[in-house]
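In the two complexes below, chain A is the common chain; its partner is chain B in one and chain C in the other.
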Partner chain A sequence: MAAWIERQKNVLDFTLSSLLRRKGKNLALLAVYTLLVFLMASVMLATSAIRKEAAAVLREAPEMVVQRTIAGRQNPIPLAYLDQIRDIAGVISADARHWGYYYDPVVGANYTLLVPREDVPEPGTVTIGPGVSSARLALAGDTLEFKAASGEILELVVAGVLDGDSELVAADLVLVAAEDLRTIFGPADGLATDLVVRVANPRELSTIAEKIAGRLPDTRIILREEMLRTYDAVFSWRGGILALLLFGVVLAFVIISWDKASGLSQEERREIGILKAVGWETSDVILMKFWEGAVVSLSAFLLGFVLAYVHVFFFSARLFAPVLKGWAVLYPQFRLVPFIDASQITALFFLTVVPYAVATIIPSWRASVTDPDAVMKGIR
Partner chain B sequence: MIALDKARKVFGQGKPNEFTALYETSLTIEADRLTVIRGPSGSGKTTLLSLIGCMTRPTSGRIHVLGREITSLPERFLTEIRRKTFGFIFQQFNLIPGLTALENVILPAYPTGERRSSLEKRAAGLFDLFDLASKARSRVEWLSGGEAQRVTIARALINDPAVVIADEPTAHLDSKLSREFMETMGRLKTQGRTVLIASHDPLVTDHPAVERVFHIRDGRIDGARP
Partner chain C sequence: MTRRTRTFGLFLLGLLVLFGLTAAHAALSRRASAASLRARALLVRRLELTDLCLSTEANYTRHLSLADFHTAFQDHPLALEHFPSGSLLGPPPHLRRSHGRLD
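The block that comes next holds the complex of A and B.
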């Protein structure tokens, strides 16, 4: 066993000195390899962290939303529906929500205007999301103009800015008083945008949804689980698109490494010949090449992963942010909560390290099975 | 010690470029003697050394080393015999550039699993023997021809082999260095090693330490002295 360890140490020692002797070539390879791992790991870490973030935020969302549809489009829903829903056994509460989308031509972005159930702003004031705040350079005390349904300009004073914790879904939010919302969107007496329903037993959700749909045939019911699934799918899709683009990069890398390995330089071939001539076995040469691949690929993997971690969790994945989290002009600015999934690391490892190992070990084996007498004959 | 029994070597057998480098050859290399294989370029000297040194297998015939028939052994065992029994000195020095003289010398012993400290100690003894102690940490490309040659001899001896094989060792040396090389080979013989040299250089073939000379031409042994 001691001899086995010494043999590994000796061969590894020679491998490291070989790598250092071809410093330029190996550093270039390490840089490309690290970049590849960095890109792949950034996408993986950012996608999963955003999905986690979105899921955490939406967990606070209502269990059920009831909307009225006419000709397949959402329409204001009569407040009278509330009583019909409250009558259903198992329903704890049913409340109206007033909200809508407002296009701001100044920054070319859509805001979500909402009358909150708690902490409703005083009439004439608004509380804005961080995205709106940075787009309009507006802080507490500043005034924002809104075009009312009547065509007049409504000036609202910013009472505060929402904190960054909920920024993923709150970046474009503007919280207003009910009367201000009516002024901006037009009077809609006896109507709400949609209704939120809470139930006593989550297992009865679908039964209650069926009952509501039966009583109110012009409504559609959206369950929280469905929203979570939709968000999950949206972010997985975004991550998938990026991963697909990166697949091309992986392929290019495999081709480069294959080319590098299969075209072992004359110097390397001669070296293998000398090693065999002085008493190294084919397995010793393959062991050396294995260590060479392991040192390069593991260094690149660790370096790339650490850089990706810093990029995603300390610099909010700046390189990919527009693709991964932007669904509006106002991109949410927030710091992702570090989250590492062991299965993802394993997948990344197999996507990056294994192709390199395969691409390098086979040609090395082919070079190492040559007869050592080639060196005796001076073949170089 | 080493016996060839009708050993023959054909390269590219069955192909248009088929070439017989060595015809059926039988000879015996005796232990603890300095033997030279003499012949012009392309006569088959190097092929003969490769067969004796377990670097390649004969196309037909048998080879016995230390009483053991080696032609049918798998590569692993053949390598082990090569590593333990033979030390090689090549025509091109075949040192690995970028490594120090010391690293080149201990390289053949890496796969044996011996501790590096003990390898370095053994190498230091050889460096002293060949008056190279001051060059141990120098990279081999900085060494003179004579120093490089002595490093290759030290490398050949690191595994303490019973047989030293040298292929055209004086091809890149001047007369003075060639004589020094032969003195060294003579000393190795008196220390109880078998030395086998392939050369057509009279400074080698006619050296007083040489005890037996085989003449080879066109892949055939055509004479021996004495």
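The block that comes next holds the complex of A and C.
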């Protein structure tokens, strides 16, 4: 065993000196390889953390949301629909939600104005989300101006700011009283933005949804399961930006790996020939190339993964932030709860490390089974 | 063992320790944030929210699950997607599923 370890140490030592002889090329390879792992791991970590967060938080979301669509756009839904939904067996409750989007010309930010059904703010006051608070530099006691539908300015006093921990769900929220919402958006008597439905038995959800769709054909229904599944699709690979980012890095990686797989450089061939001439076995040469692949790929994998973890969970995935933020002014400064999925790490490992290891070993094996004299002369 | 091998060994060991620390950090953070996760879930229940606030740029990336078939077109049938967040956040799966097979 001791002899085996000693042999590995010696081969590793030789491999390291061989890698250092081609320092520039190998460092470039390590940098591209690390960048590839970093990008893939960042997407993977951010996606799984958002998915976990969504699963933990949105399990309390309404079981069903009913919206009315006219000419392809969501429209206010008549409150009269509530009775038709409540009549369906299995429905515990059906209630109206009053909410909408408000563009604040003062800072150029979009808010979500919402009338809560519990703890409704007093008329003339609002409770704001942490994102609104930082965008407007507003705290409890300050006044915010809203442009009413009539064109007048409505001044509302900030009664409170939602907890900073709620940023990921409530950054842009402005909770208002129903009468203030009507003043801002204009009176909409007998109408609501959409309806929320709770049912007695979750297994009956799809049956009840079908019944609602049958009774109210101008509506569309979104189930809680669908809200949860929505967050499986975030950071989609089909999204243009990610595809472009990855395309560049994968291409660079493929070129370098292809360079390795398609054959060795003259210098590397000569090195193998000399090693065989001085008594190295084919297995020794393959072992050396195995260590070469292992040194580069393990270093790149570990370095890329650790950097991705720091990027996603310590810097709130800053690389994606400019895209997520887009043209918006208000950007939630959320901190994702770290979640590491062992199966995803394993998949990432096999996707990045194995192809490179194979690409390194196969041409070396081909060179090492050839006659050393011919290899040194560059015949094959 | 030469200095070179020792240095590389230490480098790899350092990376492995950092890799292990990420797992430990994840486990500890999850435990520490259990209360704030519960508080967020309660807020979602109280306010009847449907989505996470990942972007406030466009209505269909603010409320991802409420996006509809027509968000891609926005204002007229040939309008191009002009919100960067739309290229990072995919459409909700229930929209795509509803399309069904066309062939």
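Here, the second predicted complex is superposed on the first by the 283 of 380 C-alpha atoms of A that agree within 3 Å, B and C clash if a C-alpha of one lies under 4 Å from a C-alpha of the other, contacts with A are read in each partner's own complex, and residues count from 1 in each chain.
Operating definition for what follows: a residue touches a chain if its C-beta (ideal position, glycine included) is under 8 Å from a C-beta of that chain, and two chains touch if they have at least 3 such contacts.
Please read all numbers here as calculations on a predicted model, not as lab measurements.
In the superposition on chain A, A:230 makes contact with chain C only, not with chain B.
Residue contacts after overlaying the shared chain place A:17 against chain B and chain C alike. With both structures placed on the common chain, the touch criterion links A:318 to neither chain B nor chain C. More residues of chain A lie in touch with C than with the remaining chain of the pair chain B and chain C.
In the superposed model, A:53 lies in contact with chain C only, and not with chain B. In the superposed model, A:284 makes contact with chain B only, not with chain C. Of the two partner chains placed by the overlay, only chain C lies in contact with A:97; chain B stays clear of it.
In the superposed model, A:9 lies in contact with both chain B and chain C.
Touch criterion not met for A:215: it reaches neither chain B nor chain C.
By the touch criterion stated above, A:86 is placed in contact with neither chain B nor chain C.
On chain A, the surface touched by chain B in one complex and the surface touched by chain C in the other have residues 9, 13, 17 in common.
For chain A in complex with chain B, the touching residues are 2-7, 9-11, 13-14, 17, 21, 271, 274-284, 371-373, 375-378, 380. Across the complex, chain C meets chain A through its residues 1-2, 4-5, 8, 11-12, 15-16, 18-19, 22-23, 25-26, 29-30, 33, 36-37, 39-59, 61-62, 64-66, 68-70, 73, 83-94.
Across the complex, chain C is touched by residues 9, 12-13, 16-17, 20, 50, 53-54, 56-62, 65, 67, 69, 72-74, 97, 101, 109-112, 114, 116-119, 129, 131, 162-163, 165-173, 175, 196, 220, 222-223, 226-227, 229-236, 238-242, 295, 298-299, 302-303, 305-306, 309, 313, 320, 322-328, 330-332, 334, 337-340 of chain A.
On the chain B side of its complex with chain A, the touching residues are 46-47, 49-50, 53, 55-56, 75-76, 79-80, 82-83, 88, 90-92, 94, 96-99, 103, 107-108, 110-116, 155, 159, 167.
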